[in-house]
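Handing you a structure now.
Chain IDs A, B, C, D, E and F follow the sequence of writing; residue 1 opens each chain.
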Amino acid sequence: MSLAALLEAGESVFSAWSSIPDSQTVELVAGLDFGAVTLDMQHGGHHEDSVLRGIGGIRLNRKHPMVRIPVGRFDMASRALDMGAEAVIAPMVNSVQDARAFAAAMKYPPTGLRSWGPSFAMPRSGKSDGQAWLETANAETIAFAMIETRQALSALDDVLAVDGIDGVLVGPSDFSIAWSNGRTVDPALEDMMPAIETIAQKTRAAGKHAAIYVVDPGLVGRFHEMGFRLFALGAEAAYMQEGAPAMLKAARDSIKF
Amino acid sequence: MSLAALLEAGESVFSAWSSIPDSQTVELVAGLDFGAVTLDMQHGGHHEDSVLRGIGGIRLNRKHPMVRIPVGRFDMASRALDMGAEAVIAPMVNSVQDARAFAAAMKYPPTGLRSWGPSFAMPRSGKSDGQAWLETANAETIAFAMIETRQALSALDDVLAVDGIDGVLVGPSDFSIAWSNGRTVDPALEDMMPAIETIAQKTRAAGKHAAIYVVDPGLVGRFHEMGFRLFALGAEAAYMQEGAPAMLKAARDSIKF
Amino acid sequence: MSLAALLEAGESVFSAWSSIPDSQTVELVAGLDFGAVTLDMQHGGHHEDSVLRGIGGIRLNRKHPMVRIPVGRFDMASRALDMGAEAVIAPMVNSVQDARAFAAAMKYPPTGLRSWGPSFAMPRSGKSDGQAWLETANAETIAFAMIETRQALSALDDVLAVDGIDGVLVGPSDFSIAWSNGRTVDPALEDMMPAIETIAQKTRAAGKHAAIYVVDPGLVGRFHEMGFRLFALGAEAAYMQEGAPAMLKAARDSIKF
Amino acid sequence: MSLAALLEAGESVFSAWSSIPDSQTVELVAGLDFGAVTLDMQHGGHHEDSVLRGIGGIRLNRKHPMVRIPVGRFDMASRALDMGAEAVIAPMVNSVQDARAFAAAMKYPPTGLRSWGPSFAMPRSGKSDGQAWLETANAETIAFAMIETRQALSALDDVLAVDGIDGVLVGPSDFSIAWSNGRTVDPALEDMMPAIETIAQKTRAAGKHAAIYVVDPGLVGRFHEMGFRLFALGAEAAYMQEGAPAMLKAARDSIKF
Amino acid sequence: MSLAALLEAGESVFSAWSSIPDSQTVELVAGLDFGAVTLDMQHGGHHEDSVLRGIGGIRLNRKHPMVRIPVGRFDMASRALDMGAEAVIAPMVNSVQDARAFAAAMKYPPTGLRSWGPSFAMPRSGKSDGQAWLETANAETIAFAMIETRQALSALDDVLAVDGIDGVLVGPSDFSIAWSNGRTVDPALEDMMPAIETIAQKTRAAGKHAAIYVVDPGLVGRFHEMGFRLFALGAEAAYMQEGAPAMLKAARDSIKF
Amino acid sequence: MSLAALLEAGESVFSAWSSIPDSQTVELVAGLDFGAVTLDMQHGGHHEDSVLRGIGGIRLNRKHPMVRIPVGRFDMASRALDMGAEAVIAPMVNSVQDARAFAAAMKYPPTGLRSWGPSFAMPRSGKSDGQAWLETANAETIAFAMIETRQALSALDDVLAVDGIDGVLVGPSDFSIAWSNGRTVDPALEDMMPAIETIAQKTRAAGKHAAIYVVDPGLVGRFHEMGFRLFALGAEAAYMQEGAPAMLKAARDSIKF
């Protein structure tokens, strides 16, 4: 079942997050109990090579591969799909022009201008019929536009109206900086919560997918109630910094002094 | 003899195509009986590092290195030249603005705005006189604009008039999608053949080089008659998928049951 | 079904051969129509890193991963298993001492001295019960000793008697050099064929697996009759050098002069 | 003491230059007697991966990491900062629009639009307080706009007025090509020296940092008098081509004939 | 303070464990709250390149770098020291001959036969006086022999008597397999605990360091009482598999159904 | 002209030395004015992958590729030849047994036991006739045994008598440690010079090649008089540490205070 189908069915999906550009580390992350894995090229260290090789390890673990591209690098949106990503996240989609450029890179004609060449994606998906691929790819890949500034919020209705934009992903840290006019970074900023709820509601109303990156796992329930269904948590540093101290504490506590 | 000189002399050139971003694989491809090797950064997996290192293996085999950049990544056009490419292919040159931006990245002033710094290209070519390099580089490097949409076809005359655009390369799969308004991907689509012939004729009439990517080798003759002289075939997957089954069939057939 | 089970069932298995130490190239090879893929660390360029990452791509294509280690590098035999190989091929097993050292590295106690730590193999196989792994791993991994010298032939009975040696693999090029006392390299040398047949017969008589590297696919039938069941063919260079010229010939022939 | 603080204090800083995209080579360069190391992504071979890993080696040697991005790749300006660079150099800033886009990528709101996510920079700097990072990062990172064309010179006053542009770096080779209208590449071109002095003076007058890439070390004094304080020299090829011949000459001269 | 000095002073040291051969992952692990980091080349994926580059990230975080070599690869013991490791762990030291070969690779003459060439270790330690290095290196590097079989236990007194062996490290999983004659893998096997205590006592009595790999952190106290002072815990998979489920549980629990 | 032929003709050859395991750095070193380049796997960071890829860059610059293997890693001697090395240096050949094992790995039967499979060396040399390769390879590849201990000196006559050992290479740093019984590291130690001269004389008398690693280039003449003809100087760190300070000094001196 594709990620698009899962979300279409209303399922909640948790995505792991990977910042380390190394295929073996990605394979490890893909073995964790998440349904999807996002390779981060914006703030994480992923790049063309690590995305290409990392997607292999994600598929080996039968998880859904997602890629976040750097700001404005729509060339990479197409490439991520050619490498086998099921979803691409574009940061800082602050205008309808940004949204259109992103959609153009994500969808084959006539919806967009994506160029033909699924060199890695087709064999990795076990498919070999090009014509069938052309006919189904647009529906089976997801374009998430990140909404993380006041401009983006203002443009939201127009962004959601762009054919080829399949959903939005909220970046709460940047949104908090924007909401506080640069004064505060706080992914749980109470002031901005109503705006975040509005984003979810408008997105759902437009028949599209609402996703959010979550720093504090305890907030997932609240976002779920707002209408979000895809939740990204991580990355490697967070998993390790949660797990290793627990192990070290148990070790140190066991020593009697 | 440079690739530019070969094409100027009217020679037919076959280029291998490489999708695997690995210098050792490129060295292997460069050992095949093609005259040039194209490293594909658009639909193939090549990236800055694999292009830098791959060109070494191409030159070791005395073949002509070419690079296809991702859509709109004109920064990479300059970099490919600095790394030692003799030709750069830019996909989706759909307007004269695209063509001018591409030419600007490919040519030193006053033709373009290419910045000085042939850090790898000069030593790899065995040259050390910077002034001579400046004076000859524009003529010895080839900018191929890809014509693969209806917009590109409409803009062709203007594109060909841009100083610094040395030729066009037709992408028949994308062109078939465009020609069928998104309905069909078929690199041998009969309907579009007259348009492809027009591209070749206009290009030759403008005194520039006509190139084409070819999926079915049997079509090369037809394209040659149209006026194309550079033919790209491949990539690694195609060579292996042609060769390995032949070996396996011979092996299986030799077993008596 | 494991490779061991397949061979136990008397199936003929064809293994692709990979010399290029690059995980993406291996993934491509693994997509060809072979049942297994051997990563060659002796004459090929594979190394610890490429084996670790390459096995991922082989498993992604549901093929059986095999590794040929360098001469005498039995430390690597254990490591290949820890990385997920189902079979390991040790070259130049010329004495019963060599065979014992190889078996020791391949099998957990009490058969051998393999150290515990299937860090990558267990998660890649989808298993998580260490005790079950310990109890089944020895039977599900295959140790192939290469027989490729006169000394090896003399020691064959003793080698086959070593607990933990599961089969032999004949290297016909080296065997031809040995057979001709250094005068000839000819993997089809007629003189040595009776000796090769003897190897197959003794191996089968000992209840073990007979494998052979085959340069000319047409010889597979003959080796099959001798009793060999695993046939290795390749590597990348061979597939490409078979496939690319066929494509180029079709292209050149299509041009009318 | 940060690089920004050093320059603020009027110190002269010498930066090594690295073209080889390899973290171990960068570590070696960082061990030389320079105060900073610049990783060059424009004409050098550096890329996302080598910058991420290279900065580690620079910090290990307690030097200041700088990155030159490719033309127009402002997405990479933000990424370089996230990886731990203290300064970013943008080539071909030829207009105030270029300068604004560069500043936007370099500075957090409200000055710019830099997105939040110092995944590698924060741990590498030994800091963990996000809010403090947000409040100090803009002042502690340096945006150098390259002035290397006649257009850039014309736009200089406006560029220097952009909030978030902290200084300029002159590229004398490109500037000589521009100054000679494409006729000459000569980083010591006498004709252009008054213009270069003007750049330094205007930059200093605007309270910003004047930097220059220097091919002939003997010119540093002259540039210093003009007002430049950061001098980049190199890269690896230059250091080796200066050092190895000296060693070889000593060796050859020691042989008596 | 060197690791040797710390252990000499009777301090308890916790070492992280790394299996992923990637310098950026190692840098992340080195940022966790352990005092040392061990790069595992036996069951982990580390290799020459990842050890060389990984040690940089460990030193950047001011932790003590340790390396576990593959079985019998004493060439790598010397190389690990040349790359900057402070301690090397050799697995399967089952005889006094093994111990002598290990010590020979670890110590400069006259104690051993380590060859001169600290190409990376010296600059990484900030030292430049070769003679001083020669005089102090043997005391400042630690050779840990792994005791994990019955043979090793029998040979323990002799192993401990070898000049150049500085301590032992117990591998409890392998030891449990040995102790149960291949029937069980259980790093907490009660039956073997007296033998493990004996190892610690003899080691301490010989004036050497007792170290142990610990699967269950809760056992550290017990091993500490036996006399062990260096405890290795991990690796990346363990940290993530401890941390990610905790985050996911918090996330899932927060959703109200 | 092969390196073997050059040395046979009595030419003096200077070899660069490379410690950085990176193909692009090797290509740079290969562009310096040395006749050969040695990739160091013992004290340098080179490994299987960097040797494979580095040799490409050496051949691109038409220099002679040499490889120094780690202590006792004779499997790698064969592999280096398969990758295209013309000479292999084995460190710590301290006995005739070591020499025989080394020769066995270096030479095809009947001289040695080198296994067939010049997968990379043949295409890189432009040759394709296997039988001719078999007949000429032993003469065209050079096995250098390092003489760097008192044991090695004692065994020298026997080592030189081994068929397949083509020369010796003196490591003066290790030899000084040995000569001083571990007290001093001094590659110019006066006391040992007569012994070094003896090595050269015996080697020449045996009709074999005398080579030496030289730290102080000024000593080359003296070693040349002793009979040495291949001189290794370097590596990258040395070239840079000679060149960069010269550039920095010129820069600093040019500033008037």
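Criterion: a residue touches a chain if its C-beta (ideal position, glycine included) is under 8 Å from a C-beta of that chain, and two chains touch if they have at least 3 such contacts.
Everything numeric in this text was worked out from a predicted model, so none of it was measured.
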item	value
Which of A-B and A-E has more C-beta pairs touching across its chains	A-E
Chain separated most widely from chain F, comparing mean CA positions	A
Same vs different contact residues, chain E with chain F, by half of numbers used	different
Chain centre separation (chain B, chain D; CA means) in Å	33
Distance between chain centroids, defined by C-alpha means - chain B, chain F (Å)	41
Chain centre separation (chain B, chain E; CA means) in Å	52
Contacts with two or more other chains, residues of chain A listed in rising order	21, 24, 31, 45, 47-49, 52, 123, 237
Arrangement of touching chains [line / ring / star / complete / other]	other
Touching pairs - complete list by chain label	A-B, A-C, A-D, A-E, B-C, B-D, B-F, C-E, C-F, D-E, D-F, E-F
Interfacial residue positions of chain F with respect to chain E in the complex	19, 21, 41-45, 47-50, 70-73, 91-92, 148-149, 171, 173-174, 177-178, 181-182, 184-186, 235, 237
Chain C - residues contacting chain E, complex	47-49, 52, 74-76, 78-79, 82-83, 105, 108-111, 113, 115-120, 123, 130-131, 133-134
Parts of chain E lying in touch with chain A, wherever the complex brings them together	12, 14, 16, 20-22, 24-25, 28-29, 31-34, 45, 214, 217-222, 224-225, 231, 233-234, 236-248, 250-256
In the complex, chain A residues that touch chain C	23-24, 27, 31, 52-53, 56-57, 59-60, 123-124
